[in-house]
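Same chain, two partners: subunit A is paired with subunit B first, then with subunit C.
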Partner chain A sequence: MLRHIAGRVLGAVPVVLLVALGIFALVRLAPGDAASTLAAEDATEADLARMRAQWGLDQPVLVQFFYFLTNLARLDFGTSYRYHAPVTELIGQRLPATIELAVIALLIAAAIAVPLGVATALRKGSWLDGLGSLVAVLGVSAPSFWIGILLVLFVSGYLNLLPSSGRIPLDVPLREMTGFVLIDSLLQGQVGVFRQGLEHILLPATTLAFGMIGIIARISRSAVIDVGQEEFVVTAVAKGLKRREVVRNHLLPNATVPIITIIGLELGTLISGSIVVEVVFSWPGLGSLLYSAVTSRDIPLTTGIVISYTFIFISLNVLVDLVYVLIDPRLRVGRA
Partner chain B sequence: MHDTSRIDDAVLEADQLSLFLRAGRGTELKIVDSVSFSIARGEFYALVGESGSGKTVIARSLMRLFPPNTLRMEGRLVVDGVDLTTAPASRVQRMRGRSISMIFQEPMTSLNPLMTVERQIDEAIAVVGGMGRRERRERVVELLADVQFANPGSVRSMYPHELSGGMRQRAMIAMALANNPSLLIADEPTTALDVTIQEEILQLLLRLRDQHGLSILFISHDLSLVRRFADRIGVLYGGVLMETGPAHELIDHPTHPYSRALIDCIPRRREAGKRQAGIDGLVPGVADWFDGCRFAPRCPRMAEDCRHGRIEMTPTQPAQVARCLHPL
Partner chain C sequence: MQAWRFLELKFIVGVVCLGSIIVLALFGGLVAGHDPNEQNLLFALEPPFGPEGGYLLGTDHLGRDLLARMTSGARVSLAIAGSVVVLSGVVGVLVGALSGYLSGTRDILIQKVVETFWAFPPILLAIAILAFFGPSLTNVIIALTIQRWIPYCRIARAQALMLRSREYISAAKIMGGGTVWVLRHHILPNLLASAIIIGTFTMATAILAESSLSFLGLGVPPSVPTWGGMLAEGRSYITRAWWLAVLPGLGIFLTVLGLNLLGDWMRDQLDPKAALNLS
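For the complex of A and B:
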């Protein structure tokens, strides 16, 4: 078991290295360098050379890459040009908001999509199945910024039900503990703040969830249909189990592996894909930070955020692999 | 009602059973035509046929394992006094695992890979209810010992992938016997197993039949296998029951030319220079029903009248019936 985990974690190292190399190369390929970006308008060629020497930009590329990797290993991405603060600190401040948004979006999506997928699989070919396909196609093809704007216009603007931007009103006092508004407010017993946090997160999370519902529902549907053709399901029926029991004890557990896979992958894409939604809803997360980093050519911050996304994505994949082991006894290698 | 081998103490009675596959848009495909046979308490009845003869469909229709919108049943199919062709779904569901149990061809895929042997057997016991956790646990061990696991205590906590093919099939049998059913349907349960394991499973089934008065419907394509174990044999061909009767008599004196041909195909010690017998031609597909005898195109005794009308089951020997106008 421990060996399995170690194997999965070690297997992720080459991926991180490859991504690091890619980011390093992209930054070097972009026209101009840090010195020319940051230098004052009237800087001379000599000033630029001095800056390059100071930051090691005059060193051979391989040496620079080595420095880049050693800093990466220490989780040191340097100082943001724009915010004049350590990149790691900036990311640390923004990450909880993004995770909170992604997790709530995932909960909304899974709560709708998994039952929908299972129900459409059990009633294949019915009107419900048709409706499920329609929802899936709509969800996958509608761009999230469009859905977001529609929701803002309708729910916030027209119905005036929910706020359209931010995490909590600026004047609300909330001491930061975990960085997650929903958790902090509960820990401090501030139910009102919790409600406000929930109201704020609902629209952006629904927008994010929209695109996932289709994919998760379709994967759940085909997973359940596949398992339904397995011989052990016939055995379960022949045993005399009720249909409900067959579905609960035999169909669903065996369908969880593909469903967990897609949910894990989708959570990764959610966290890295929330950029547009965060900008639309002025959500103070990693996505809107990346947006401002890119538009202001803040290379250390951009690099740091992209690497963080990679870490998150890979960790989620490893996590999903470990969940498989919990579900499927056949994957428990080394069991006597 | 020409089956002279009908018995009063019948656990199963199929009477003019026909099965139709619903092909959609109102079209139907007849896949089994007017099959009649019965199985007495404690009897080992073998239904033998080539692939495509309809034997597996009959086996599965006995438990109504097909959704009603895919298969229509006609005639009568009575198990423990309940006619399965007309019984409501809830009644049939309550018969599964209690009156009738089933084991399958592929022990590799017929057990749930995510559940331990104990949980799967326990689930079968719990179908009836009325037993506490501890009682059920003891019953699981008892059942596993009954199917000759030397160490039921350790087998029960194993997952299917940790068992060999023969062990899985025995676990399946233990599960099928959980509620002392009156009829066990065995759908080619040994086909996927080694010859030695095959023998072991068959001996086990016979012992269980003697111990529990179990009736067994054994589906097989292998006449040479079942003739050593079965009490009675039914020979299926292209969805039609051609002949049925006591095993020894049917093997020694087949009265239907198709039974004769099948028996001639049983491999024996080779005589020098002699080719292994076979049957020329192909089994007619379920899509083309033609008039007269289904075997006529391949039959060495075919006469003009075999090609017309409907041929009924008629007694050919004191205990045998065959669907043939010119029996042997």
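For the complex of A and C:
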């Protein structure tokens, strides 16, 4: 068991190194280096050379890669050109908003998709099943930013039901503790702020959830169908158990493993998928920070955010793998 | 019988969706009668089928013809996604077939590279490439191809691994066929069907990604109208002009829906059992 966990974590190390090399190569190969981007308009060649020497840009590539890796290990991504603050600090400020959005979106998607998938599997071939696959294909075909804009137009614009941008109104006093609005407001007993936070997160989270509902429903459906063909289900039916009992005690518990896996893998997709959604709803997370970094050609900030997203993505994938082993006893025995 | 009807329905709806976009791309410009970048502020924010100026789908905030701009968007999306599909298909199938056919250490090395590309969250790598190298048509195509060859590669590798132990492949090798010859005559033809199906789905995701990039201002230069760019520009005017929010998105949606339905249909055709199980 422990060996399996260690193996999985260590197995990710070469990929992490290759990914770091890839990002380093991207930054290095890009036209114009940091010195020529940052230098004043009237900088001379000598000024540029001095700046390059200062940042080690005149060193051999391998040495530069070594610096890059050591900075990475210390989580030091330099200083943002635009915000004049350490990149790590900026990312830390924005990360909770992105995580909060992703988690709520995932909850919405799972709450709709898992029951839908299970129901369509139990009534395979019915009109409900047809409706399920229709929802699935529509969900993956609509671009999230379009859904977001339409929701803003109808729900915020025409019906004036929910706010269309930000996390909470700017004039609301909320002391930052964890960085998560929904948690901080509850910890401080501010129910009104909690409600406002929920109202603000509802539209972006629904937008983000939209594309995932189809995928999660499809996987849940085929997971339940697969388990339904197993011999222990046939035995349970043959024993004379009621259909409801078979479903509740034999079918669903065994279908949870693949369902949880796909939900976990979707969490990573969600975090990167949220970039566009954050821009649509002016959500102050990592995605809109990346957008402003890219548009203002802020290279250290862009690099830092790309690295953070990628490493979160890789860690989530490893974590899901480990959870998979934890909840599936067959894998546990097999690997011990 | 019911499953058969459902299949036919997928095909018909898919063809209608995609067909209407192809017709728009080919003939939309003829109907529009205006240049996509021609501004006429007198007719700004004119609704679709409006009485003035003869703008069939209305105008945007600068009085530019929406039909002409939609046509340009269709052309850009189809051309970029088409290039991405072909390019990633060629790279992915070749690398995958070679990796599976060679097997051993070289296979493991190639798969490590594949794993690295796959370790980046979708769209993020494309954003990073365009952020560092600047947006242009070529860079958009490269940025979208860089992860999309992997599904082809995986399938091609798996099939090549399976095929390489077949007797007719061994026979070809014994008769003196080199790696390239065997790949070209015995492995690649067997991979064509799955490559076409993956290609259809790849085109769908490429169109979604291209429009997201254009929406973020990282697509082709703004002088070329794109669906994503139109949505980004029209965002501030949507409460006064719903068509600016609805129409470009509808273009993306219909194209992607058509491709997804046709891909589903083709997959079911190849594997009728899967179609009946609907799994």
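One rule holds for everything that comes next: the second predicted complex is superposed on the first by the 332 of 336 C-alpha atoms of A that agree within 3 Å, B and C clash if a C-alpha of one lies under 4 Å from a C-alpha of the other, contacts with A are read in each partner's own complex, and residues count from 1 in each chain.
Definition applied: a contact is a pair of C-beta atoms (placed from the backbone, for glycine too) under 8 Å apart; a residue touches a chain by one contact, two chains touch by 3 or more.
Here the structure is a predicted model, which is why all the values come from computation and not from measurement.
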Check: Clash or fit: what happens to subunit B and subunit C when subunit A is overlaid?
Finding: fit
Note to self: Is A:Lys239 touching anything from subunit B or subunit C once the two structures are fitted on A? First, second, both or neither.
What the structure shows: first
Margin query: Which partner chains sit in contact with A:Leu122 here, subunit B, subunit C, both or neither? Use first/second/both/neither.
Written below: neither
Checklist line | Residues of subunit A touched, compared between subunit B and subunit C (which is higher) | finding: C
Next item on the list: Quick one: classify A:Gly273 as touching subunit B (first), subunit C (second), both or neither.
Entry: second
Next item on the list: Determine, under the contact definition given at the top, whether A:Pro31 touches first (subunit B), second (subunit C), both, or neither.
Entry: second
Checklist line | Angle at subunit A between subunit B and subunit C, C-alpha centres, nearest 10 degrees | finding: 80
Next item on the list: Using the touch definition from the top, say if A:Val15 reaches subunit B (first), subunit C (second), both or neither.
Entry: second
Margin query: Applying the document's definition of touch, where does A:Ser141 land relative to subunit B and subunit C: first, second, both, or neither?
Written below: second
Note to self: Which partner chains sit in contact with A:Thr302 here, subunit B, subunit C, both or neither? Use first/second/both/neither.
What the structure shows: second
Note to self: For A:Glu230 in the superposed arrangement: first (subunit B), second (subunit C), both or neither?
What the structure shows: first
Next item on the list: Between subunit B and subunit C, report the minimum C-alpha distance in the superposition, expressed in whole angstrom.
Entry: 7
Item checked: Overlap of subunit C and subunit B interfaces on subunit A (superposed complexes) -> none
Notebook entry, point to check: In the complex formed with subunit A, which residues of subunit B make contact?
Noted result: 60, 63, 65, 93-98, 101-102, 104, 106, 109-115, 123-124, 127, 159, 161, 172, 175, 179
Note to self: Please output the residues of subunit A touching subunit B within their complex, sorted ascending.
What the structure shows: 230-232, 234-242, 245, 249-250, 253-254, 327-330
Margin query: Give the list of subunit A residues in touch with subunit C in this complex.
Written below: 14-16, 18-19, 22-23, 26-27, 29-31, 124-125, 129-130, 133, 137-138, 140-146, 149-150, 152-153, 157-158, 221-222, 225-226, 268-269, 271-273, 275-276, 279-280, 290-291, 293-295, 299, 302, 306, 309-310, 313-314, 317
Check: Along subunit C, where are the residues that touch subunit A in the complex?
Finding: 2-3, 6, 112-113, 115-116, 119-124, 127-134, 204, 208, 211-212, 215-218, 228, 231, 235, 238-239, 242, 245-246, 248-249, 252-253, 256-257, 260-261, 264, 277-279
